[in-house]
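Look at the two complexes coming up: chain A is in both, with chain B in one and chain C in the other.
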Partner chain A sequence: MGEPSSSSLSSPVRSVPLTVITPMPRWKSRPGWAFLTYMRYRSKLHEVRQLRFIHFARWQRVSRRSLTNFANQPAEADGDDLFVFSTNFNGPWDQYIDTFSRVDNIRKGIRWLWGFSDKFPGPTPIRNFKSYIHHHTYAEQHYFDAYPDATVRDIAQALSVTEGLRQFVATRPETRSTDEAFARNYVEFLDTMADTDVPTGTTSQSFLTALSPIESADSSAASQQIRQYLEGRSPEPSPFADCPMVHMARIVVVDDLKPALGNRNATSLASRYLLFVVELDGSIGDFLDRLSDSHPEFVQAVWGSCHGFPVDRTGPVFFRQYIESCTAKPNLPFAAFPGVSVDQIRCALDTRHRLLKQVSQWGTAPTRAQWKHFAEHLGERGHHGY
Partner chain B sequence: MGTSATDHADIQAIVKGFGYRYPVARYSMLRLADSAEVNQRFLQSLPEALDIAEIPTSIAALASSNSVSPDSASPNSAITVGLSFAGLAKLGVSPSTLRSFPLEFCQGMAARSAVNSDTGPSAPHLWEPFWTDGVDVVLGIVAGSVEAAEQTHQRLRAFIDNTANERGEIVDHIQEVGTDHGQRIFGPEQGGHPRPIEHFGFRDGVSTTPIEGLIDGDSPKIKGAGRLDHAGDWHAIAAGEFLYGYTDEIGEIPTGPQPSSIARNGTYLVYRKLQQNVDVFHRYVQQLADDLDLDADTVAAKIVGRKHDGQPLVTTNGINDFDYSADPRGRQCPLGSHVRRTNPRDSLGFQSLLVDRHRMARRGITYGQPFDGPDSGDRGLLFLALNVDIGRQFEFVQREWVNFGNDFDQGADRDPLTGSHEPDLGEMTFHYDKANPVVTAKALPRFVDTRGGEYFFVPGCDGYRRVIEGSFGPTS
Partner chain C sequence: MAGYSLGEQNPPGLKQDLVFLALNTLMPKAFRLVGRVTPILNGPKSFTLVTGYDEVQEVFSRPKDFEVPFEKHMEVLRWDNFLLAMQDTPRYHHIHSNTMRLWHSGDIEWIASITRHTVNEILAAGTGTIDVIQDVAKPVLLAIVEQYYGVPVPKDSIKRQSFFDGNLAASGFVFTGPLRESLANDARAAVSAVWPVIDDAMDAARARNADSSGTNSGPSDHRVSVIDRYFQGDTDQFTEDEMRSSLLAMIGGYLPTDTNATGRVMQVLMKRPEAMRYVTEAVRNGDDDQLLRGVLEALRLNYIIPMLWRRAAGTQLVGDGKPSDDRYEVGGNRILAVSLQAAMFDRRRVENPKAYDPDRRTGTPMVYGHQFHYCVGAAISNAILIEMFRALVSSRARQPADKSLRKIRWVGMYPWNMCIDYDVPNPRESY
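This part shows the complex of A and B:
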């Protein structure tokens, strides 16, 4: 999904995926990779964070040669490498792109990041940049968001409020001598609760990008079948909902690497590919085990017609090994809340919601007993050790 | 092409604005005949019929008429002409030119109701019926007095009647299907001058978007109203955000309808009749203040984002020369307040970079009698806004800033004053003072309902002349 669908125009959707794959000429590919590596260690992508509407973003070079992993797979001939950009953001597509090219440092970043892609027009004129991105956008056949109702700003506020509440609860305000003394503390807490800095998380986040070649005997039929399966099951809950470590996930059928407009000598990919992009907590292996354990039929239906998929040997170990053999190394990942886990985000959103509801119901300051009950209730939920 | 609007003899006067010398307006909504030739002839004869030299009135013409009688209490009427998509078609504009207009304009405001949250009591099927039956032309008559406006309006009506009579038994004729009577209302004097207010009782017209080329480069009115740069200086907004044919804020010339001669110096008028439920507003604010033992005027100011006299809620150098950098969390001026949402200035970070592309030039005027006690009188605002890209400017603000709250850390909360609240669900949370740091206004009713509206193309004077001469017809 590139531009939001017309139905989403009436009710702004909370997170929108965008997947852009541009061709990277071989001679630019190595410097491009070097630049991404440099950015990964040197750039904090401050401006992207300040925009506060991007959950995740990733820029990744995938060398065409690295796509040939299996003996029976047609070898990829020399041709342009792939530059994969995947992101999830809040708000309309146009605003996102428009903003990117207006902020100085982001404009420079765009110039460099896509500067290694074929026939990149630069961040301005903006309509050329937009049509370049639009031309190279691929539709997602499956998209999962672990907290679909929350924007980056919602999460930032929830984490901040939750941290403020944690600090307040830790002072055991209900043990004050009188309700009046408690009320003073309570009002002070409300006054400053949204000012607490968003805490830095400690969870290690992982970023999976895997490209699996679809069987070539009739890859068109196979890719169509995968599309139909994924799109046909869309009302069903996503299997990723049963993988509590997953923030966001998407599956994209890549029929070919779209050549840049005006390039008539592009070499097609030898196979169609299944692009699998996941942002998650902890180890990629654990996630893959969990997915194949809980939804073997999904794994079979999606990857079953891919080269190298262990048809005869089922079970998590094989799926994990299979996806790992298709994995491209991450280059430049961005996360709005590095180190903050899915569970922490969901709990913070829930805590903020319940706190604000309670504050609004109380109107004025609650009694010490009311507060004690509320705080204990938080503790009973077992989240964050209140 | 530069960023400065230079062609004052071709740009309609409404783009610059009429100022308070013209406190009266009549907006006449016309439905044209089926015959393009009849329609063209009608509009061609209009200047003679109304006894006005030039229709539409250009910025240059308005300036020269004012210079002839600068002290006149009743300057001559000035005329704005806007054409809807259907109107352009009925004037014989070719299908290929029609197709080159942007989608939002082609569809029209009623069809865009979901985008604009014109739902519930604001839904198009509840509008004044002529809007959904079709309005082809809006003729705006602005004048210095009710009498002058009335006189011109009567001439228009007589001319329409004559045209219909001339055509005898033929049913196909031009009709005036609706009229809106705009009249500024004034509050208590400030600094020895009466100040215009809107019906909720707040001072109106404090901040006017300055357009490059239409405002003096060092005018103090630019401060707080324009674009904010890194150094903290304010600048007028590039003319290309409001007019075809000029460079916009990102240094590009917006692509418009083709051929370019129809587009040049043209803009889009977003016309909305917004009924204000003044009684409901006053009662709601008083109830909230009583329930929480707060001051009602302050609660109203927190909802609106300014005090009744127009003074901002943040520290300021003047009534409009301020930004929100000292109030990032909205402790003084709530992040969700009406004024902060509709012109966030630097609230979103990066100076005003994330805001500049969503600005409009507002040319609205109040209608109806001032509120003086509980009654059911019809009063409100004729919301008129000009922009070159309805989708990026008006509709974006309506969708993202008025009827959604994310950009202001307000989740899905809507603009407390003008949002289309669902029954019992409208909410706003704000910081009142240190003793009341979290105040929640619950079950916000709708204080404003849409009664009708349309998107009109306001061409340059030359473009208009060519339209009514049939120059953009299929055979031209």
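This part shows the complex of A and C:
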């Protein structure tokens, strides 16, 4: 087995968010919702998972009528509903969108998924598809990824390698009678380690989508203020880094629902909205508590000028109640590694990194003593499964 | 003079059994049931029951809107400036910050060492069967009052018991909610066994520190007790009256709760093998955090008190952050019975609440209250519970072999006599 290339030790391409909100005409909205629900419970998006290029994604219909109506907030008039798609990718945007329309099964899925959106041109010709997505893309004012340098493939490989390593370590290969016998086992392990199935996790995961209406007295000033605050503060460290349960989080100021090109009769949203999308382990309530306990100033600066936000209150319960009131139930969430926690992913990436580094340092096989030392060290650092 | 005795006020019998059944068993069950239907229930006679996790947290987080209703109780007890009876005012914060300054977190190791020393001595001197409440918790807690607080408790056994019982009765009086005249006389009698002890301690400490001899009460001589520290000027414009009041708060907030908690935690450990296994493993691992999690989870399951009290200052809406339709109105002056116990079982927030799961990830633990009026003694209490349960668990505390000793005697809502068998430790090993 050859030395791993340096590129397999780290992936320099940082993850990039993509948030697309398309208008869904009212008459297509219910069938659209029914389709998403069907997909969630029946298809489970196996094909997407097999492709290993989407980590988290969310397709969600938000009906205007279901948007929370706080006191003094202008009521939403009838108009197109919102179809929210959020995901993230590593690498160039073009390449990512190309994959969508080039892979057969995905292309079919896309035709259906966006088929309920206004004036959707279909996944081909690709130029039209790209300009549709581009037109309806919203800029994120804040984005956090718990492991920004890892692609889905990196993670899949890291989880396989870690599981393979766990199984190998469990056989206590260093107790073999000779160094040669150990070396044979070791080489076999290297050959097969990346083929181990990615283990399914047991952590429950939650998907938060919340749309909070921004104060309307002068909502453009308020939304501008939120933008400036978020864009003006250094993105790192992100407050979400102090919430160990968060995989990914983004905040997007939605000034209006952009009508499809060519639609001149679209009804604007009555308020601007703050879209908050988070993928996390465990319960949404616990995450919100954690965020408001650890970064009350961030919470105040971002949501403080939204309708209905509790004024001058101390305690996590208020933010929790507020965001939960603004929450839309997830329709079709997707996770490439269901049940695998942030902590497990980070540990797996670290284990893989250290293993590959060791393997390249050892050259051929390590001695049994070297291996024993390495395996013990893995255990000490609290790596999962050891 | 015969002293005040809580046991004599609540003799065993049908009345005690019925009170206990109602308050300890039926009421918590009923509250949880109500909580599943509605988190807030505006009941008859201006009573509102709050059982939801979010709603309990909200009420405790809005001290100006939901006041504490204990003014009359304090008159009966002749007690000004008791933190838990004070509203959110500058005076409250003045008392709070001085109290925290005197009973500060740097003392935790001292408190732990008093507990360790006392409990190990008691267990080593015992016969292998012991009453956890009267013969372990009570002497440990009084040792801390004497050595760390610097308040000598009378040696005479009747007066000593009166002091202990007086504190429990005064606390019980406050926690039974809106004032009932029938209980006031009893409360007056109870507290009259407590104030003189505190006043004598203040007089002695004042004199001692005026001579600047400043004797130390802790086991190691360089430690200065809380009361001596006060007279040495270690506070910020804290008057003697305020100090006197804080002493009672820190004794009266402590003896009843820790006694109660010790008995209730032990009851869970005896009843639930998984709980005993968990804490035993923690002790074996030398992991105090794990031990504390195990103990506090047992306390969540068998909480000390069914409800706490607040009063709505004007009409209030509960559910701040929610749209108007989802809020609950509570009329002005209504008395709120706020059930932490039910909140800690609220399935909307606490997963599988009946399970003993100290490592549970959902929900904030609330055994010490929440936000404003959060227990000032939480760290002290944690240190005591860790040391006491470490000693008891490592001596293999278990149900008494003699079945006639297994029944717990309750006085009101307090576990009063609770026997266990244990392995008498070798004194040289246990210190």
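Following the convention adopted for this analysis, the second predicted complex is superposed on the first by the 370 of 386 C-alpha atoms of A that agree within 3 Å, B and C clash if a C-alpha of one lies under 4 Å from a C-alpha of the other, contacts with A are read in each partner's own complex, and residues count from 1 in each chain.
In the analysis below, a contact is a pair of C-beta atoms (placed from the backbone, for glycine too) under 8 Å apart; a residue touches a chain by one contact, two chains touch by 3 or more.
This structure is a prediction, so every number in the text was calculated from the model and none was measured.
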Superposed partners chain B and chain C on chain A - clash or fit: fit
Which superposed partner A:197 touches (first chain B, second chain C, both, neither): neither
Of chain C and chain B, partner touching more chain A residues: B
Contacts of A:236 with chain B and chain C, given as first, second, both or neither: neither
First, second, both or neither for A:68, with chain B first and chain C second: second
Computed vertex angle (chain A) for partners chain B and chain C, CA, steps of 10°: 150
Touched partner set for A:180, first chain B, second chain C, both or neither: neither
Smallest separation in angstrom, by C-alpha atoms, between chain B and chain C in the superposition: 34
Footprint overlap on chain A, where chain B in one structure and chain C in the other make contact: none
Chain C-touching residues of chain A, taken from the complex the two chains share: 68-71, 282-283, 285-286, 289, 308-310, 313-322, 325
Complex contacts: residues of chain B adjacent to chain A: 114-115, 117, 250-252, 255, 291-292, 329, 349-350, 353-354, 357, 391-392, 396, 399-400, 404, 406-407, 409, 411, 429, 431, 434-438, 440, 442
Touch list for chain A against partner chain B, complex: 9-10, 12, 47, 50-53, 90-92, 94-95, 98-99, 101-103, 124-127, 151, 153-154, 156-157, 187, 190-191, 194-195, 356, 359-360, 363-364
Interfacial residue positions of chain C with respect to chain A in the complex: 54, 57-58, 60-62, 319-324, 326, 349, 351, 361-364, 370-371
